[in-house]
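Multiple structures follow.
Both complexes below contain subunit A, partnered by subunit B and then by subunit C.
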Partner chain A sequence: MKTLTYIKKENLNTFLEKLNKNYDVFLPVQNKADGTINFESLDIVNDNNVINLKEKTRKSPKSLFFPPSENLFEFEYKKDIKKPDIMEIKLLESEKMISDETNSRKKVIFGIKPCDTMAVKCLDLVFGEGEKKDPYYIMKRKNTILISIGCSNVFPDCFCTSVGGNPFYFDYSDLGLIDMGQNLVIFKLSERDDLRKLLDECNEFFEEREINSDEEIEIKKIISESEKKCSSNWESVNAEDIALDMERKFSEEEMWKNITRKCISCAACTYVCPTCVCFNIGDEQTGMKGERYKCWDFCTNYYYTLEASGHNPREKIYQRYRNKINCKYNYFYKRNKNLYCVGCGRCIDVCPVGMDIREIVKHVRSLQK
Partner chain B sequence: MQQENSVEKKLKERIRDVFDDLELVIGYCQSKIPLKVNPLFIQRKEEIDDLIFDNLCINNLATYSYFLSNELKGKIGIVLKPCDTRSITQLISEELLNKDRVKSIVVGCAGILDYKKIVKEIGGLKIISADIKDEHIRIDTIDENFTLEAKNFYADKCYTCNIYDNPPYYDEFIENDSKLNIEPRKEYEDLDEFEKLSLEEINSFWDLQFSNCIRCYACRNICPLEVCRDKCIAQLDVPHWQSQKINSAEGKFFQLIRAFHLAGRCTECGECERVCPANIQLLKLMKKINKDVLKLFNYRPGFNLDEKPPLLTFKNVEKNIKEEELI
Partner chain C sequence: MKNEYFPYPAVIEDIKTETTDTKTFRVWFTDKVLADSFDYQQGQFMELSVPGAGEAPISISSSPSRKGFLEFTIRAAGKVTKSIHMLKKGDYIYLRGPYGNSFPFEDIKGKNLYFVVGGIGLAPLRSLINLVMDNRNNFRHIKVLYGARTPDDLCFKDELEQWKKIPDTEVWLTVDKPSAGWGGRVGVVTELWKETHINPENAVSIVCGPPIMIKFAADKLQESGFKDKDIFMTLERYMKCGIGKCGHCNIDDKFICKDGPVFTYEQKKGFRHKEHIF
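Here is the complex of A and B:
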């Protein structure tokens, strides 16, 4: 007989509070004033905002691993009046900045959606695996436990089923939960040691009993209904085919121009996107002291590809948007066999002019060539 | 699919009549997202059938006029609401746009609904489906259904609008049988409370607002008058005026650059506030500056083709500025 491990929803708040003692807990918090939901620390939950696990967050959780801007190290210039032609540069320890207090504290992201966990996998492939690794990212990532709740609610702009996920895809979650009304039932449990430790610490909140056949049927029903709803939002996409199509139709300038006319080339879509990983590195100096920082950048930006000579290979909006789409459906797929669109639909939600990434892909695919 | 309303029919007919002279017409079409519409770029005559015009057409399509008129050789037709014509007028008066390159097809307006206001009212819940009937908006979210009275959810600019059926500028005008029917408010009435605040309170208000800025530049790029998009001093590398960092100080710096660039030029279409993913109250800042410009120079942007914006020119003696008192 199979067993059912669950946590009662009425105990959820005390559970989270207990977690918050040993971990920094981040979860979707809704601002009551304007209704927006974003991943915030449990510490800020007060009268002005409320935990909301049902809806989608406006911004993606990527900023918890890959902050909008982050100092990499600081430096100092030293000059001796007697030797004016020599300038010494002293680096302040970067090791310390990697493992500083905020980075090295254990984190839990509670209520992250399955699509966002797929996106974390995408970030891992860029920053955490492969030849070049980003220690700042790795430090934050390895200290973070992802607890996700499957999506019983599917929204009109969701399309994870089309890009290889589904509303209950827990492969990249450390703990996967299903909302069954009164209880949150554990559906997937990873082998991570620190997760075991977490569960042991909070043992008293978890109850276990035998599963009855009704419940088994209900779980299946919840999963299949969400999947059905989500797949009705967009047809299923064959990644291989799309990548090929994108490449074949890359030089159809007229088509690209026509389908991207309304784009105003702002960064709203890329900054809310959970998989957009582009960044820039710069130095800022005040007096004899300075810092090197990493901050988000966006490929739909004119300055992104502007060269020192003044030439810009992606001068026009359609060229930049084409790069964005190709990045998600072609370039990264070729490199990692992984689509860089997880179907969260945030870009569709925030776009000021109603660009719909699904429509764009559909257009590209429908062009006969 | 909604039924075609009478103004849509007239609009389509008029566009069909003038279409042969135009290279492209920009209008509105349905969106898959409830309570939103999309800009539509019409290049073939049969695409005119997709046009719509209703109280969801909030986008100011004048935004596309500057860049498209530079890109295309032919004449461009743009479907505009009377308030949107202010942006076109302003662009022409600043010699950024050639009057002969753009055909303003202006449609009488019965007010437009503000998506952000609606979403705020229903507590930020995601809208699954919605429809509008007899001045009522019916909305379904996952767990709850709402019925809202439309009269409370028009864009702020609609409540002070007095040009909805007599646009100050147009090439073609299509009258709308349904008229704006909401209780009017006094212009800049919403600033009254704000102006009573002390300097410290104002400062902390803006600090909080701008700390949310993620520097996505959506406000700048949607603005019909900020034609500097690709040459913005906030993004220049040489000279490097502003850091690319994303934090509250840089957010404030960028937003103040924007505010100064638009001082006395902003036509208060509200697009910046509409598109801001961080819900910053950008229009409040613009309105405050515009109010001061009106008081000092008696100038309202976007109403006169021949008048120069006061901050783009100078007079030896300004009537309302007592220089001797400033010293």
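Here is the complex of A and C:
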């Protein structure tokens, strides 16, 4: 007989507070003043900032591992009075920033949607794989437990089912929950030791009993309805086919010009995208001290490819937008056999000129060639 | 864990002026352990930084066969390179790397080599040329065809003279605009085809220069019978991280910093992204 492990929603707040003692808990929090929902620390939750697990967050959770701007190290110029000709430079703090001590506190991201966990997988491939790794990302990522709640609430912009996911896709979640009204039911449990530890520490919140046939039917219904709703938002995309299609139609300059005409290179889509992680590196100095930082950048930016000689290989917006679409639906797939779009729909939601990535892809695919 | 973004100090041991806007910096690490273990390949680049100004990717212009120092030939073009030009002997510069792939060496032994070069493009090629010169018996005939805008834009003038004196080695120079006192050839580098025989048999060619020059040189080599896979070139893009993460330097699904900067003409032709001239 199958069992059902669940946590009562009325106990959720106490559970999260207990969790927050040993972990830094981040979860979707709605700012009542402006209505926006974003991943925030549980510490800021109060009367004006309330937990909202139903809606989609405006920004993706990527900034928890990849902050909009972060210092790589600091430096200081020093002059010795006895040797005034020589300017000494000291590079500071680099070791500390990526040390185990600084990053020892474990993180829990609670209520992360399945699409966003697929995005975290993408970021792991970018920063954590290959011969050379990004320690700033890895140190923030490695102690993080992802607790997902499946989406029984599918929005018109959602299209995860089209790009290989679904509203209850828990492959990259450490713990996957289904909202069944009164309770959050555990649907997926990973083998991670630290997750077991977490559950043991909080075992008073979890109840277990036999599942009845009504509940089984209900779970299946929730899942299939969400899937159905999501797949009606867009056709299903075969990754291999779409990558090939992008490849074949790359040189259709006129088509690309037409479909990207509206784009104003504002970067809003990149800002909210859970997988866009292009960055720039720069220095800032005040007086004798300064820091080298890494900050978000966007490929639809004219300056993104501008060389010191004045040569710009992607001078026109259509070339830059084409690169962006190819990055998501072709290049990343070629490198990692994984699409780089998870179907969260945030870019559609936020675009000031109403561009819709689904329409763009549809247009490319419909061109007969 | 190794912090790839953290640069190491090196001292500037010597500065040589190549042209009005280009200098060669000879530098070496101050940390003995790092200096002893450091190794690189011909054609690779490093990220050079002046804290406060930033960092820039620069090809290593010295040969890995000559130990105990690194040379970078830098044109003052942007913010960082201009800051580097203001440094003097004894100053510190910060380095990380080396990054990228390299020119073939073992695979081209026993062959005739054609170097077709434009302007400061000689910097990365000099690394391979000097490596070849230090292993001269392993190679057959060598021709260096080098073009620059003006006589002043020719880099490594002393070395060009030295290479000429090595048996079985020819150096052909040409400039677009002659200046007073220039008795040599005038015209773009492909004009040299009229004067010297280019034989693709048992030969490879290595090309570097501005994009337009690479295109014309590669096409000309092809006309002469070179196969696309025997034409090597080093490409450039605006780069930031050097390790294939930041996204800046992609051409199609390849990152110039990680999968390049050395590509064959065959690979280059396979890229979907064409520059207007390429």
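Simple rule for what comes next: the second predicted complex is superposed on the first by the 355 of 369 C-alpha atoms of A that agree within 3 Å, B and C clash if a C-alpha of one lies under 4 Å from a C-alpha of the other, contacts with A are read in each partner's own complex, and residues count from 1 in each chain.
In this section, a contact is a pair of C-beta atoms (placed from the backbone, for glycine too) under 8 Å apart; a residue touches a chain by one contact, two chains touch by 3 or more.
Since this is a predicted model, take the numbers as computed values, not measurements.
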Legend entry - Fit or clash - subunit C, subunit B, common subunit A: fit
Legend entry - Partner chain(s) touched by A:Leu16 [first = subunit B, second = subunit C, both, neither]: neither
Inset, instruction - Classify the contacts of A:Phe73 with the two partner chains as first (subunit B alone), second (subunit C alone), both, or neither. - result: second
Inset, instruction - Using the superposition on chain A described above, determine whether A:Cys115 touches subunit B (first), subunit C (second), both, or neither. - result: neither
Legend entry - Contacts of A:Asp297 with subunit B and subunit C, given as first, second, both or neither: both
Inset, instruction - Could you say whether A:Phe127 touches subunit B, subunit C, both of them, or neither, answering first, second, both or neither? - result: second
Inset, instruction - Have a look at where A:Ile242 lands relative to subunit B and subunit C in the superposition and call it first, second, both or neither. - result: neither
Legend entry - Spatial angle subunit C-subunit A-subunit B, Cα centroids [nearest 10 degrees]: 90
Inset, instruction - Go through the superposed model and pick first if A:Gly282 touches only subunit B, second if only subunit C, both, or neither. - result: both
Inset, instruction - Examine A:Leu4 and indicate which partner it touches, taking first as subunit B and second as subunit C; both and neither are also allowed. - result: neither
Inset, instruction - Quick one: minimum Cα-Cα distance, subunit B versus subunit C, in the superposed arrangement, integer Å. - result: 6
Inset, instruction - Identify the overlap between the subunit B-contacting and the subunit C-contacting residues of subunit A. - result: 280, 282, 297, 306
Legend entry - Residues of subunit A defined as touching subunit C within the complex: 72-73, 75, 77, 86-89, 91, 94-95, 98, 126-127, 130, 132-136, 138-139, 247, 250-251, 277-283, 285, 290, 292, 294, 297, 299, 304-309, 311, 313-314, 319, 323, 326-327, 330-332, 334-335
Inset, instruction - Note which residues of subunit A are touching subunit B in the complex, please. - result: 30-32, 34-37, 52, 54-56, 58-59, 68-69, 153, 155-157, 258, 261-262, 264-268, 270-272, 280, 282, 284, 293, 295-298, 301-303, 306, 348-350, 352-354, 356
Inset, instruction - Write out the stretch or stretches of subunit B touching subunit A in their complex. - result: 31-34, 36-39, 41, 43, 59, 63-64, 116, 119-120, 122-126, 128-129, 142-143, 214-218, 220-222, 229-230, 235, 237, 243-247, 271, 274-275, 277, 279
Legend entry - In the complex with subunit A, residue positions of subunit C that touch it: 1-7, 9, 49, 51-56, 77-78, 81, 90-92, 94, 210-211, 236-238, 240-241, 243-248, 250-253, 258, 272-275
